[in-house]
């Protein structure tokens, strides 16, 4: 953990009781700093809401924070196409914010509707780091990467069926992007993309 | 073989002598009809050129034809991004032509350079069937398919390295295209795409 | 969306309430045009039936439509072997119809019973585009493609167990078909095949 | 080794000198019995021909035998589609013969040309065991298996390109055959199929 | 269906009501012949027991038969290691019996306990066809195949965890068996092995 | 291409003559800017050296540049373990430099020798972006990422054998890194990592 | 079973009643020796606790023992990173103990926190055999193996998501470890690692 | 490197000149200790023989040593089936010897010939650690592991074709061995198995 970085709890596989306990303990130990909990189940969300005073839920990201967020420095833009990819995009956005970056969302831009991507060009160029979230064929980072020179982290999602193989098609598409300078994180790993992008943005001029 | 369809020889794994013999025999038996030979090695190309009078070589497609081509009916547009995918695009174009369609080429359009694709829109709309050839992440069919309602056959190529896995990344990308109505053929199978597209175009109004 | 194309809603991952709301809104906005909703759960089917007046359910396809269907132009024939593949075949047939083609069904033709396929030859030749649906080894498109020159779109299904790997065996079989001119869509993607085939049929002479 | 079974040498990875030596030694030790050598390179074929008196080459199978073949008992029919699969079919046929069965070849029957398969029905029914060899999508065993109740061993070959993945597509197709009672051996393993089928045929009424 | 072969119903994906109806109809239409239903759920087993008079349940095989079994001809021996593989072995045994062969079971023989396999040698040699069922590493067919010349069909099962990948490890092990003449069916496909082995045994001297 | 970015030529699949021609043309057209050529064969290296005056070869990276390099801004540190990974590390370092960043190399640090990594900590912290190159199990980025908060791009290499599967093991290891904020590029893609890292470093405070 | 080895019951797929019965029977037959039951469900744990007097539960390992444990000989150290891998580590530790070794646990050592691993060096060197348990990228064995010459068995776990593919990433990482002398067992197979390590430790000086 | 361990050079990818240089340098620096070079090409073998005085070649292992071997302590038995697996078995044996163990070879034991394995039982029990090398289906470790309680390291080899997938079938077979206590190394990694087994044997009573 770097100075200023939040405490983080990975909620998958933990019971609501465990999560409530961990959040309370961490917040009590570090009241001056943010605590972030991700991958919360419906039950965990409810338990945190009612039993952890001061916790703020992010329903789209299925996450919660408690404690003061850091002053934002630099800008991360999170780009995504549709509602299915929204939870991963929201996890990335919240993580980047909690790790100290300012965050802009660019929603509803898909490769099969180029005019909306073209309309977002100024936002893409203005950011210090882009996070581009896409499932299925994962082509969005190639198109966005062709439009801008901003550093771009691609997040494949498990959205799709059949030969999408739970996100493998999108992952491979992004690793083979013909746009130079695209980097990739694990399938559905909005958290990792958010940490990385915030580190880039916080250090940007 | 349908009436009017050419005779076809698949050159891979055949010696130059075998190919010369087959081409002569087929042309003698069907002088009124085209014969198409694909996947020719350098040696086979040379042997055909010097020993099969009347044969016409297509160096880009690594193929040869002999005998009269059918009158073209309808239009197939073959779209591709770069020089690496050119042999597959050329095989598709020649095959479509030999199977009776008129053919237009739309070259140098890549997903990382949207203005060229946008400039080609009229050509895309004017065709009766599109063949879109792409390697690496195979994103081009999604972008083209978002711009036009023309039936679209995608051909993944084995161009790439590492996690492109000899064309698997492009194949999966195309199978998962978010643009509705994209169909796919085997990796590097310009021939199959050409046969299919010609059948669509020949029957179009 | 092309002129005349329907509005489409992909039901997977949406709640019955969301689906009812979307269908009502789209139909109110475009009363002169068809709306198609696919991949409906049992609950979604019931909710649409009771709460969206004018909606027509297709139980086999697990889909619903509302609003006037376009005048059919051209013919798509949907060929399938057995009851397990029926939902995918029905999705393909309904989609092709809603996208403006006339549709014929050729059922109960399997590769292990050739006489029924042979008996269907006239139907195959009469269509402007074929959709051939098959699971397990996915051999039906090769056999059908050997019998006719009609453009053929193959749909692999996830029917099977063990080394069928959720449709991979059928998908690979179709991509490697020895019948020239077979194109393929994603596993279980009756929708995509229907869109493509309707576009071909609508434009046929 | 069962009584009456031949001695077998697997030629892959052995030098011509090694193979000549092994064949001579085995034949000298068992002059009353056949010795079979498979997977011979061009060099090995030449060396065996000139340096092992009495050896009989099978050019198509890339194999050699020496010593008296057993009296044939029962019949194995080896079915294949095209010239590319011929070496594997020939290895299967020679092996079955050397292991004591009579062998019939049924060539040039492919799934895209049903009339030739239908014409071969009597041969299929007359055999005690079938070996069906096919590459690409590997659909031939399903079609043959639907026509006859004779026990059927399928041999996938590595013939194909792209998504045939060196025979995986054919292997999966055969494992998922909708015709009941199809068994499968390794890719290109004509030898194993021949051993098995001969054992069935030798023991048949 | 060959003369004398049973009617067969594949129970997976069918409701208890559907199965009861199909069994009654088939038995009424062919009272002189066996009907076999496989892959029955607990509910389907109960429904068949109480609502299809004359049906005989095989609890281990999760299957049912109704109608007279054919006179047994020849012998199939079904070899398996442990209790986890028992349902697949039982499906193979019942199928072989219903398809007209006599059946012997050789249980509790595993590769890590050679003495029991060695003790079963006479049974292995006496059979006309062997079915060897194994999960995990699938090594049993190699060991059995090294002990006997009887034709051997191997059935991989999905028993195992981790890198057994649902039966892939066993399947690959069997396809690569160093014992010559081993053939293989799909993962968990006791039915297919039973059909094949019965055909071999019925025709044996 | 962004302002200040170099022209780039991908040498794989191009003949020495083609490469010499392209380099000359690009340099003549943009004499004020760098041109970078990667993936050069031995022959191409020789041809460039003797026929493109002013070209500078990087033997380790198998690359060449011509024209003035941009003023370096910010620092990229390229970390790698051994001599086998050196060509990929060198490609990354040269690319980052040509795209405008200052570059530091940290060599001979492997996960099985922690003291050298620990000794390099100051270099890791001083950089604006890290590129960590590793083959085999690809564990180095996890260890480095645990030591520093600098943004980290991991490059898997195809170094290894057997179950390294040409770099897949390293790629998967990096995608699953337990150190948060690791991003990944394609196998052996030093170029892509260099472009990305330079963009981050150039924009850093 | 070697002399002194326990009786073992694999609980997966067995009902609580079956497990209670087997444990009672085995303990009654061998009261002087330990019986070990692994992979117990919650229900099985409860049933064993209340219905098998003398049984000792290991909640972390999801296992139970009954009967006297052997005198410990030699030392196995079980190393793991976090709470998610704890059940597998506990299964390994209990198994090693029941098979006759003394066991030390080294917890909370992860590759992203090197100081804790370095602090554990004496424990690593003192053991006769190490078991290192890790999920995700599976890098821990490489780091531990670089610090000590003690024989090391690595256990990949299925902990992770996306491209961890249920433990494949960790398995491949361990098989490709750059630290020489690392051996590997199946994913989540703490039992197998425990058996092996105990055999090594029992026989150590 | 532990005290007493040799210096090791991995020959793959190094030129004969490089290898000669490294061997001379290492031997000069550590004349009292063994140096081991593995994976030598034919050219490298010749160069070492003629240019490194004192080097001892192991033709079967494709390896060389120079300098005094350590006093052997404990016994490693290396078990393998046939000539194809011999190079890997020899690499394992030489490595174990150079790392300080005594070594016994048990050759020509295959799963399809149980009597030879049974005859070797005393050797298996007498060793302190077993290395079992096998290709194709990789069943030998299961059979050996069922016969003895000696710690057993399995080495899959890339011997085989088709669905052996370069050693994957053998690797999976070994990871899923039903004999408890089998550990596994990378495909063809005789070196790693030798290091591990020597460490076990050296420390054995």
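Each chain gets a letter, A, B, C, D, E, F, G and H, in the order it is written, and its residues are counted from 1.
Keep in mind that, in the parts below, a contact is a pair of C-beta atoms (placed from the backbone, for glycine too) under 8 Å apart; a residue touches a chain by one contact, two chains touch by 3 or more.
Because the structure is predicted, anything quoted here is derived from the model rather than measured.
Annotation of chain E and chain F: jointly contacted by G, H, touch as defined at the top. In summary, the interface at C-E recurs among the listed pairs A-B, C-D or E-G; the equivalent pair, sharing over half of its contacts by residue number, is E-G.
Interface of chain B with chain F: the two copies contact each other largely through different residue positions, with under half of all numbers used appearing on both sides.
Chain C and chain F have CA centres that are 48 Å apart. If you average the Cα atoms of chain F and of chain G, the two centres end up 41 Å apart.
With centres defined as mean CA coordinates, chain F is found 51 Å away from chain D. The geometric centre of chain F is 36 Å away from that of chain H, both derived from CA atoms. For chain G, the set of residues touching two or more other chains reads 162-164, 168, 171, 175-176, 186. The chain pairs satisfying the stated touch condition come to A-B, A-C, A-F, A-G, B-C, B-D, B-F, C-D, C-E, D-E, D-H, E-G, E-H, F-G, F-H, G-H. Those residues of chain G that touch chain F in the shared complex are 81, 110-114, 118, 136-139, 142-143, 145-147, 160, 162-165, 168-170, 172-179. Residues 2, 5, 8, 128-129, 149-153, 171, 175-176, 180-186, 191-193, 195-196, 199-200, 203-205 of chain D are the ones that touch chain E when the two sit in their complex.
Those residues of chain D that touch chain B in the complex are listed here as 84, 161-164. Those residues of chain A lying in contact with chain G across their complex are 12-13, 156, 158, 166-168, 171, 186-189.
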